[in-house]
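Just below is one structure, and these are the notes that go with it.
Labels A, B, C, D and E are assigned to the chains in the order they are written; within every chain, residues are numbered from 1.
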Amino acid sequence: MIWVDTIIQGILLGGLYALFAAGLSLVFGIMRLVNLAHGDLIVMGAYLILLLVTLLGLPPFLAAVVAMPLMFCIGWCLQKFLLNRTLGDDILPPLLVTFGLSVALQNALLEGFSADSQRLPTDVLTTASIQAGPISLGVMPLLTFASAVLVIVGLNQLFYRTELGRAFRATSDDATTASLMGIKTANIFATATGIALVIVTVAALYLGLRANFDPNIGPARLIYAFEAVIIGGLGSLWGTLAGGIIIGVAQTLGAAINPEWQILSGHIAFLLVLLVRPRGLFPRAHD
Amino acid sequence: MSYIVTTQTRASSVSAIAGILLILMLIALPFFAGRGTIQDMFFILTMLTLAQFWNLLAGYGGLVSIGQQAFVGAGAYALFALVILGGFDPVLAVALAGFAALAIAVPTAFFAFRLNGAYFAIGTWVIAEVVRLIASQWKSLGGGTGTSLPRDATRDMWFVEMIEETLGVRSAAARDILAYWIALVLALVTIGGIYWLLRTRRGLALAAVRDNIEAAKSVGVDAGRMKWMVFLTSAFGTGVAGALIYLQKARISPDAAFSVTDWTAYVIFIVVIGGIGTMEGPIIGVLVFFALQSLLADFGSWYLMTLGVLAISIMLVAPRGLWGLVSERTSLQLFPIQRRLRGGRLTTSEDQ
Amino acid sequence: MALLQTEGLTAHYGDFQALFGVDIELAEHETVAIIGANGAGKTTLMRSISGVLGNAPSAVRFDGVEIGTLPAEDIVSQGVAMVPEGRKLFPSLSVEENLLIGTYGRKTRGHWNLETIYELFPILSERRHNPGMALSGGQQQMVAIGRALMSNPRVLLCDEISLGLAPVVIKDIYDAVPKIKQAGASLIVVEQDIAQALAVADRVYCMMEGRITLTGTPDSLSRDAIYDAYFGASQ
Amino acid sequence: MSILALKDVSKKFGALTVTNGVTFDVPKGQALGIIGPNGAGKSTLFNLITGNLSADAGRIHFQDRDVTRVSAKDRCLSGVGRSFQIPQPFEKLTVYENLLVAATHGCNLSEAAVQADCADVLEQTELIRRANTPAGQLSLLERKRLELARAMATQPNLLLLDEIAGGLTEGECQALIGTIKDIHARGVTIIWIEHVLHALTSVVERLLVLDFGKIIGIGDPDEIMASKKVREIYLGIDI
Amino acid sequence: QGAKIRIGYVSPQSGPLAGFSEADQFVIDGFLGSEAGANFEVVVKDSQSNPNRAAEVAKELIIDDEIDMMLVASTPETTNPVATTCEAEEIPVISTVAPWQPYFIGQQGNPGDPGSWRPFDFSFHFFWGLEDVISVFTAMWGQLDTNKQVGGLFPNDGDGNAWGDPNVGFPKPLAELGYGLTDPGRYQNLTDDFSAQINAFKQADCDIVTGVPIPPDFTTFWTQAKQQGFTPKAASIGKAILFPQAVKALGDQGHNLSSEVWWTPNHPFASSLTGTSAGDLAAGYAAATGKQWTQPIGFVHALFEMAADVMGRVDDTRDPDEVTAAIAASELNSIVGRIAFDGAGLPPFAAANVAKTPLVGGQWRLKDGGGYDLVIIDNSDHPEIPTGGTMEAIS
């Protein structure tokens, strides 16, 4: 039974990672932008929610909803005025710029909010659980997983059912030709990053509810998010979810053998998948 | 009608003479400079070495790795293992540490060369994490806690006594001077070696692969071997530099030795700020980085914020780095590698 | 007055100069062909007009307005659409989606919409839900043309629309040209197939090494003159 | 004795079959011309022969050795030289250095040993005055010359030329023909893709016509040119 | 009068450990303003919570600022690189706020081989040790009725490795006192899932949890434990619930968590510098910064008390050997209790370098209006420190 529990907990953990990764996947998939500041943006989102909670007395979920449009604007401007200028064949400029952003953001948060670890106010929901036979499942992890699935379903709808989604795909395929079709690619990219930051807000909400956060906690999560995106395959959102679950399950299984192996087994799972499939599980047919 | 080939330019002859003078001065530095200067120079030289190797990898080899900390850490851990567990002399251990980095680099390359671009970058990062996690299971070197070099080991290091006597300094200062000289040799060998490489036919091949890999293959360049060569060379040099740095720190822990920020992010910062793909870039970059650090480091988070903002602004304003700005304006080259054909039908007036 | 006009147009790829002061003109309802050997700079010219490559403001003038510095997406909105060389369909999009991209973010009024495009190329209507890349080369070319038409342009730039197609298919494609003209558009057609170019155009420019070397109406140009302009004269 | 033999070679890009069961061989020392409409798969065929692309099916033999799975670099070392249709210079290197890469690596010689040869090739291809110019600054014609020069610098037994005559003046064209004939006279086997037919036919002894990745004719140039199918598919017009 | 005495001080003012250093400025200002402090100049450096940086700034202080003595505080990640550097540079150093085992053993070449351990010549440390935590924790647990099954949550870092160490850590003494310890193994910090540990503790039917996780990890663990139905009677945790903000982050779930207590405003000690009592110091801090007091305040203060005391007893403050001898001879009644390097309560190998300060046990109690109070509930080892209640089981 413990093994079943271990795997289920791993899957739920995978949901969290997928949620961390979904925004990254969107940005990486559409513009091949390696955003090293993604983790810090999540932390920034968490602080924003915290601010709304303390200043306006909103419950965290509502605060997250209020934060979303704000985060969208931040993402939009970030892309439009900064990141767009680094896009191109060379991966170094975005790497260095987002690294600079990450360092600057971390320390700005440190100045603004101090190093104290914070958490969003919790209620009974935080520790509530559902009994499924001998296994008890936390409501919060279930909610996290459900949100991850919802986000991915939502993004897929957006991608495959709307005009904007069409423009996303076209721009991602070939930005030059897309501009010949009258698509303002700079704005498309900005919108994509805006949406990514809306997803970041959802991730931030769960980050802040499940445990403490402080200004420096971002980068530690970034690597799992990247792993999920890459083993999922470039641009495949379901792949990102699968990637998150693989890493989550590998971690809990590794931990069940010995906690020393927990994080290591996540990484090793990542390396193994790439060894077998260098372009991830669900790569795009063309590239 | 016979042709000759040269690489010298007038600027380069001047800079060669200036370079020799500078090197002589650097060698003699401990005779007249204080310990503070020696310390600063040690920092500059080791960071410069790391930067030159990363530049070789990314700037000349097109391999953008963000996992160089794996080799710094491997070298450093090898040093501690050899000294503490193997009883080696630290100076010898520093030299051997490069092989530990090589031992890690071979499987890393085998894996990472299957990946491209961003995948390669993230892949190397994850591998470095794996190496870190494995190092933190190495119980006899303190596991996640880390460990310190025993004082006896560094006190009785080769050459230290000699330096103490000749220069009449305390043992701690003598160790600094020894480390400085090793760092100087390492940096000079690195710069000289890379410069030499770039001037051989392998250097040409490297440039060809970077410019156009398909065409390079079609004229018989072994692109795969170039990649291996560059990757392994940088790993070796990075490992030695890592060992040297930690000989000076005398204390190691996995988080410190495998820090992606300290050993890769800052190194990337140095190279890119200075100008990637040039020999001069890392030199400028490391000086800028050092200046920033000495001016601002006491301001804590404001220093780091400045560093971040600076990285962003330079990338946007001068994507080819500070040296790029200089050489665009002046077409100055301190390390000329271009071969120029002269003589025959190329009289001086015609050649441009 | 010319509808579209370039004046002293130059273009560079890094250090390499691909165009050296190109002057061409296109009148309303006219079809102009541009011919020239491989690498003469035809595609570069098209890319410069359509805004993919930047220019001096006055280098390109459309309907009296200087559009040389406008980005590609604004030039489309002005009414200059391009069928790029090599078709460049979006692989992630179906045929219909590829067509719809042509109207992204704009409500254009005019003759061309999904229906009329399917009328023009009936075969596309059958394959509308297929991925664009699953089509044959000729069909892909039809999608590329349709996609550009969806924005109801006043000027349509066609870069080697016969490239790599069998003669029969080429005929199908070129059959559409008169219908496109009829709907009110002016065309610039880049062609390597000289016969085809001469057949369809009101006027011909011949390019060599980034310069216009010859211009005239198809009748006025002798084969020899074209030959010389095309490959350089021996004299 | 044939220097190159292809048997049932095929290549697909996604759903598109670009090379479709191509079989032919080239006797040592022959000059073979390849013609065909744009997109027929001529350049792709070259990429398959040089190893820049790997074949999906079929076998390729070079000098009696199966090279189907051999890398581009090893094929070059064993004597396959090529030019690219779209010039692919090493842009940051000078013209002379471009040749130096090819000569030192393609023949596995030291720089000193090839210096004179490279200068020779530069003189032959009229590039000598541009020797110290970065290749990225060359004009199109110079780039095409560089393609030829670089291929020659590897001292190939089999030289593959992809559309190097396009856009030349008549005088230049004659000079080029002369150069190629010289190379051929030295015993180098040549395969030449060219749209400028008169240049092609003045050099080659055999002509191959490709359409939709298939060989639709191979043989004596005059016979091929006379065949109705070829006229219909390829020539279309009669300049 | 000559130049002032130069003291170097390294602490993590930015980065994840910055919480430890919040009172630094307040304490240093107080020190410099005091009568004894007037002779001193304090050069403060930030380790950025980074061991590499800590070693670097230590070198700078020694070489560029030419300090006479080094002070360093807060976690082995800060104290060890600085002490190692000072030892190599032969500069006297006093450190605190790290249990002495990770400090002492962590700086030995081979931590696994006690035979190879050597005392230091220039490094001194005052704090308590694991034996004190164990004694305090077991005394607290003894106040409850439990099945004596303990689950251990030890990360793979300086503290965790020491706590879980079979020689010097929890396992041996717990076994001697009849406790069963379930230790699943060393996990990495910033782990996102503790199901493995929770399952192991559930299987072993643990009534008690102990360990030294970092705050976010403990929150994750504790929340998951509740979700997965694991409810121990006692949870005695080091480090993670040191600061009131960290407990507050647990929402209502922090009630009755217990911890070792090194210093509170109720400790019956006073500053040797100014005579200020512990309570007044804390109140002064609260008044000056508007923040709740934290335990490191007393210890950082005591560091500077040591500096004043030691330097008051030497003739040539620039002579490292003389300063070192003076430190070794210290006997100071400071705001954290008596500090003397007399080896009391220590094994012989550490006797020369370590002085122990008192440790008691406390529990966080939810206040009516929200927020938590730290109540001392066990003082069996140091009866001079008053208790404010008795151990309560977690409901």
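Methods note: a residue touches a chain if its C-beta (ideal position, glycine included) is under 8 Å from a C-beta of that chain, and two chains touch if they have at least 3 such contacts.
Please read these numbers as outputs of a predicted model, since none were measured by experiment.
Between chain C and chain E, the least number of touching-chain steps is 2.
When the partners of chain C are compared with those of chain D, no chain appears in both lists. A separation of 34 Å divides the Cα centre of chain A from that of chain B. Averaged Cα coordinates give chain B a centre that lies 51 Å from the centre of chain C. Work out the mean CA point of chain A and of chain D, and you get 50 Å between them.
Annotation: 36 Å between the Cα-based centres of chain A and chain E. Within chain A, residues 107, 110, 260, 263, 285-286 each touch two or more of the remaining chains. Residue positions of chain C with contacts to 2 or more other chains are 133. Counting partners per residue, chain B has 133, 137, 301, 304 as the residues that reach two or more other chains. Touching chain pairs in this entry, ordered by label, are A-B, A-C, A-E, B-D, B-E, C-D. The residues of chain C lying in touch with chain A in their complex are 50-52, 71-73, 76-77, 81-82, 84, 88, 90-93, 97-98, 100-106, 133, 147-148, 151. On the side of chain E, the complex with chain A involves touching residues 14-19, 22, 49, 156, 184-188, 190-193, 195-197, 199, 203, 215-217, 219-220, 223-224, 226-229, 243, 245-246, 248-253. Listed in rising order, the residues of chain B touching chain E in the complex are 34-36, 39, 43, 83-85, 133, 136-137, 139-154, 170-172, 175, 249-251, 253, 255-256, 259, 262, 297-298, 300-301, 304.
Chain C contributes residues 14-18, 36-40, 133-134, 137, 160, 163-167, 192-196, 208-210, 223, 226-227, 230-234 to its touches with chain D in the complex. Residues of chain D touching chain C in their complex: 14-16, 37-40, 85-86, 91, 134, 136-141, 144, 163, 166-173, 195-196, 211-212, 232-233, 236-237, 239.
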